[in-house]
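After the structure tokens below, expect a handful of questions from me.
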Amino acid sequence: MSAPAPARAPLLEVRDLAVNFMGFDGVARAVDGVDLVVGEGETVGLVGESGCGKSVTALAVLRLIEPPGHIAHGSSVRLEGRDLLALGGKEIRAVRGNHVALVFQEPLSALNPVLKVGDQIAETIRAHEAVTRSTAHWRAVEMLAAVGIPDAERRAAAYPHQLSGGTRQRVLLAMALACRPKLLLADEPTTALDVTIQAEILELLDDLQKKLGMAVLLITHNLGIVAERTRRVYVMYAGQIVEEATTERLFARPAHPYTEGLLAAIPRLDVRRERLQAIPGQVPPATAWPPGCRFHPRCPYAWDKCRSEMPPLLPVGEGQRARCWLVNEPQRKGMK
Amino acid sequence: MLGFAARRLAFAVASVAAVVVITFLLVHAAPGEPMLGTADRTFASPDVIARQRALFGLDRPLPVQFIRYAGNLVRGELGTSFVLHRPVSSILAEALPHTLLLGGTALVASLLLGLAVGALQAARHRSRTDTLLGAATLVFYSVPVFWLGLMLLLVFGEQLHWLPVSGMRSAALEDGSALARALDVARHLVLPAASLALVQAAAFARFQRSALVESLAGEHIRAARAKGLPERTVLLKHALRGALAPTITLAGLSVPYFLAGSVLVESIFGWPGLGRVAYDAIFARDYNVITAVALVSGVLVAASNLLADVAVALADPRVRLER
Amino acid sequence: MSPWRAAARRFGRNRAAVVGAALVGALVLASLLGPLVTPDPLAQPDPVRLQDRPPSAAHLFGTDPYSRDVLSRTLSGARVSLVVGVGAALLAVTLGAGVGLVAGLAGRRTDQLLMRGVDVALALPRIILLLAVFAVWERVPPVAVLGVIAATGWFQTSRIVRAAVLSLREADFVVAARALGAGGAGLVRRHLLPHVAAPVIVSASLDVGNIILLEAGLSYLGLGVRPPTPTWGNMIMDGKDVLFSAPWVALAPGCALVLTVVAFNLAGDGLRDAFDPKVA
Amino acid sequence: MLFAAAAVLAGCARRPATPGAPVVIATTGDADVLLPPVTSVTTGINVSDLLFCRLAELKLGLNTVDDSGFRPVLARSWDHPDSLTIVFHLDPRARWQDGVPVRAADVAYTFAVYRDPAVNAPLAPFLAAIDSVVARDSLTVAFRFRRWYPEQLYDATYHMRILPRHLLDTIPPARLGAAPFGRAPVGDGPYRFVRWTAGSEIVLAADTTWFLGRPGIARLVWRVTPELATAVSTLLAGEADAMEVIPARGQLERVQHDTTVRLVPYPSPFYAAIVFNLRRPPFGDRDVRRAIAMAVDRPTVVQSVFGPFAQVAAGATGPMQWIWSDAIRQLPFDTAAAARALEARGWRRGGSGAWRSARGAPLAFTLLVPTSSGVRQQAAVLLQDELKRFGVDMRIQPLEFTVMERRTQTGDFDAAFISRTIDPSPASLLQWWSPGASDNIGRYADTTFASLTSAALRARTRAEAAPLWREALGRLNEEAPAIFLFSPRNNAAVSTRLENVTIRPDSWLATVTTWRVRETGSGARGRHTGQP
């Protein structure tokens, strides 16, 4: 197998991750056998439509899946070689927010509305480091300043609803970075913001990453963001990784029809098109994945084999793999 | 903020006034007579009763009676009890503290118990503990308070003799130390307070559980967990505080329940409070007392709603700072 | 799948809710059929010595101090509780929905007037007022009890409905319907009612249990529906006097009350979760 | 959590069985006001009776006619200078509890208070025969009557308890009832007032310097327990020592089974009757009334409702009165005779056995029953059953007490199930049965009854009066303006630690000064020590 080698030694190594949710309609296999690697200091993208399981994957890394969901037996999540799934409650808490931090997509709901933002940052610090209350507070203010919030001292005493959307997202970032984590899981960090502020936040994220030397798993549905800021990308569909590749290669030669569809949906300045081409159909419910290739009902190239047999991740070359039978029979692409 | 407070106060005054007017009209327009000087003396002559009616002004037309009553009320006079021959204000002054002790104890106990059970259920959401406690709270929530009182009386008073069956203190302890007397009152308080508290605790627990579950499903709880906070901190500091405001409001709204419950429970346990006064007055048609009890209840209810609003504002900065 | 069908499906899957609904059905049946198989609740089987007798084969739940069969009186008492509970809840909800619709659809001034009134009414100590009303009334037929309880219990519903109407008034489909010339009654019936129905049904079903308890409390004080018509409340009142010597007299109606209210609350919880699945 | 607290609190404060411990009287109702002319509830009367004295007291025999039936209290002696005057000589030792001596002026003042319309004393009508009360000197007071009758001494002494003029005469009569004095009275009786917690307890302490001797019980506490069953429980648990009357069979049986409390029976001042409204057909017809009365098996009804705890009423009197006798003529239970009486008046039995008048109207009426009385409701149901079998349709209408009062007073009823509490004098029954009397709700009027009773009222001795009264009551039974149904047998419940307990039927604590507490270390008191 010619899996794409990460640039450095793997920081995060996810193998065969599966997350199931028990429901009235049966078991929802929200994440179904995901392999994923993030190297130290590396920025990796995880892309897919909403409902594909990318957020669940991020939560599973920190074991934040709550009943009725659970991480299936046989999954493995290793941080610097340590199996996070085998840790005790206290040990995993020592990882959360400390070695691995999470930034949520909706800053207003991710912040506690009845606590001052400064306190919310300080409590993170105090959860992991034996510092006094005032030290923690002082560091929280410092952190707020570091994420570019002016007048940080005063803003620390504010409640979330008193801040603007961009500022809240900065607060959230400050909170995530308060303990200088090695890995940041950024789940749609900018979706809730308007475009100019989006850019500001992403710039900030870049800056901080360089300063702190941390790795980032950037989870988004927006390939545009991925294109500019990541080295490698995983594409997720229906609970599975359907394609992985270096960013450059993914954009140049997408191997999976789904990736192709996603790329076609990006508005581009260099190619004039009549209209954006959206992928027809909907993501199927997680309780009833279609047999065979999960994408086949929406795939313009699907044939018999796609309907009956699920493809494995097949190597395409140069660190690229795709979960598609077309990889073996590229000629069929032209048939339709 | 000031405008809000003024508006709120105006509502309180209006509702108290409405209570007084409605009650006054209801009791005076009703068929039947107050027991005027008859009570246990069945040989009171009609002359005596007629004169009594005149003394209390009950022979006047209703509007005249109302204007007189309203006039007295404005001057702070609640009239005289037909049955007890006492100023109504002194009757209430004596009974109200007892009811506040009983109701207050029950309110605090039910809040503590309800919050604890609700929090435990939410923390163990969907576990066996949750299911069992859920069944228990459902049953207690569905129990009529007077029946629960009777059953507690039967079991703990009559069968087991753990606790006194009636009254507020033991007759023999009048010369005991202050501590002994306080303990004695506490022992008498247990059964009536438990009757009131268990039912309301179930209501609080059910409410608290769903508020907490909703709060725990919130993104900020996941965020708190993602920060590596211990579960206790997540539950108590993050989830509970968010779920507290609606519970405080509910606690404020529960005051009428405790008042109504005291009417039922005080008679069962011989607790000499406002509920007993109301109960006796209703059956003796003691108009002035009935109206005054309704007035006091109205004031208590209005005041507790106001208090709950203030408490909510203290607990939730969003409410506090918006106004 | 329509939201109604979805709700019905969710309700059907909720075991507790189904048990509650089944219990309610069983109670209704028992109250209707019970009197056919048990002794007349008003008749004394043994006039030679009126006495409370412990449970036996002849009287499964014993007899009360008037020698009346507790089982048949309990079954018979179910009728008052069920009729008053369900009837008052329905009537209150109808009243509340009516006022809420008027407030939501009529002009600002009507709305203000109605809602200020409701604000004040909500602050009234309902139970004290009910006590005063029923204490001064003599013979009160169950229908009147039902009416008075409903008349003092619609305020919250009117608020819910008004809020729903206000939020819907600006909703696209209503605006569209209006633009297409739908007006007045048609608009209310076709578009607004179906949307406010869910919260209204939920609040009514959760109210039934409370109203049953309320009625029982009044009966227990000897108010409302009066003896000799058996109600669970006045049966407990009778039992109170012999609580220590014949506890079964108060036990049976009390358990029946708890069971009934539990059943309605289970079903009500189920309905709430079915219509509003986000909290569970 | 609550139960844990309960367990901690349980059993930590049990009542000590010391000899000085108070005697606790369980009562289901609180007092209204502790001022004799105004009080009208049982507990108020009982408590104020021990605080304020009469001029003279009836002895246990309740002989209201002869002077020998009375013993001196505030009045050391009395004489009859003429047929319209009684002169009382006060005991110079009598003192108000603030130290001021009891004087003749107090007696005159008391009479004025009782008669004052502004005070509106319920007992005022009983003083109507007294024209004036005049203090002749500080210890002599003369009662002047409007006419002569044998029970003058009874009326002069029984209805009034003497009040302290020096503490009350500054209060306007209309405000006397609401005055603070009624909440913390100063009396001249064997006990003085200590404390009153409304709805909870009233505490009295013996006046050790009382001029007629120190009472045997040092401290009396009335403890209010609204529920009868619970009140009985406090007795059984040793938290209370005595109760005036236990009015329900189930509760009586509980006490019977207990060894620490005994029942003390005493004749009851009470009867219950079904009064017919003679203004309404068919009750204007004496024979119809008699027929209905004869169709009722009173002994079976009474046995069924009360078991051994009541007796069939012999007539319009109670066992307490000295005129009570089983020899009073009563209508028999005889449905055949009843049927003959109806047939003689033109009534016929229809197909279903129901009586119909010549015009075809059914024999039907509605009986008003107060909701406050469980036993009367029970009895009414049984009567309904018996009458139905005889062919009379009696409907029962339960009514709230005051509503029923109003309807009987205004004549808006067919028949009413009333109860009457009588006082020791048979004269009191006239207010219900003599023509034109205020409480004659059925409008019964009979000259034979009237002449018999007026002869009885003039008789100088009890021996002379008794046969006349009994003849009058027999006449009343035959006329059947009412069915006199039952008189309960009163039973006081008294702890076995109390000795020398005697009960005067009209006022159960009248002799409490002679009751004693048995002095034992820790007798049966700690029976329920309540280990969890």
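We just call them A, B, C and D in the order they show up, numbering each chain from 1.
We take it that a residue touches a chain if its C-beta (ideal position, glycine included) is under 8 Å from a C-beta of that chain, and two chains touch if they have at least 3 such contacts.
Quantities reported herein were computed from a predicted structural model and do not represent experimental measurements.
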(request) Report which interface contains more C-beta contacts, comparing B-C against C-D. (result) B-C
(request) Grab the C-alpha centre of each chain and report whichever is closest to the global C-alpha centre. (result) B
(request) Just grab the chain with the largest centre-to-centre distance to chain C, centres being mean Cα coordinates. (result) A
(request) List the centre-to-centre spacing of chain B and chain C in whole Å, with centres computed as mean CA coordinates. (result) 22
(message) What's the distance between the Cα centroids of chain C and chain D, rounded to whole Å?
(response) 45
(message) Can you work out the whole-Å distance between the CA centroids of chain A and chain C?
(response) 51
(request) Please report how many Å separate the Cα centroid of chain B from that of chain D, as a whole number. (result) 38
(request) Going through chain C residue by residue, note those that touch at least 2 other chains and give them in order. (result) 138, 240, 243-244
(request) Could you list the positions in chain A whose residues touch two or more of the other chains? (result) none
(message) Multi-chain contacts only, two chains or more: what residues does chain B have there?
(response) 31-32, 153, 158, 268, 285
(request) Using the touch definition up top, name the residues of chain C that touch chain B in the complex. (result) 119-121, 123-129, 131-133, 135-138, 209, 213, 216-217, 220-221, 233, 236, 239-240, 243-244, 247, 250, 254, 257-258, 261-262, 265-266, 278-280
(message) Using the touch definition from the top, list the residues of chain B that touch chain D in their complex.
(response) 31-35, 37-48, 51-52, 55, 80, 83-87, 91, 94-95, 98, 109, 112-113, 116, 153, 156-158, 160-174, 176, 180, 183-184, 186-187, 190-191, 193-194, 197-198, 267-270, 272-273, 276-277, 285
(request) Write out the stretch or stretches of chain D touching chain B in their complex. (result) 1-3, 5-7, 9-13, 15-16, 21-22, 24, 29-30, 32-33, 35, 38, 40-42, 45, 117-118, 120-125, 174, 177-178, 182-183, 195, 197-201, 203, 221, 223-227, 230-231, 233-234, 237, 239-240, 400-403, 405-406, 409, 419-421, 423, 428, 431, 438-439, 528-530, 532
(request) Name, in rising order, each residue of chain B that touches chain A in their complex. (result) 125-126, 218-220, 222-231, 233, 237-238, 241-242, 315-318, 321
(request) Note which residues of chain D are touching chain C in the complex, please. (result) 227-229, 232-233, 248, 250-251, 253-254, 300, 303-305, 307, 371, 374, 377-378, 381-382, 385, 396, 398-400, 403
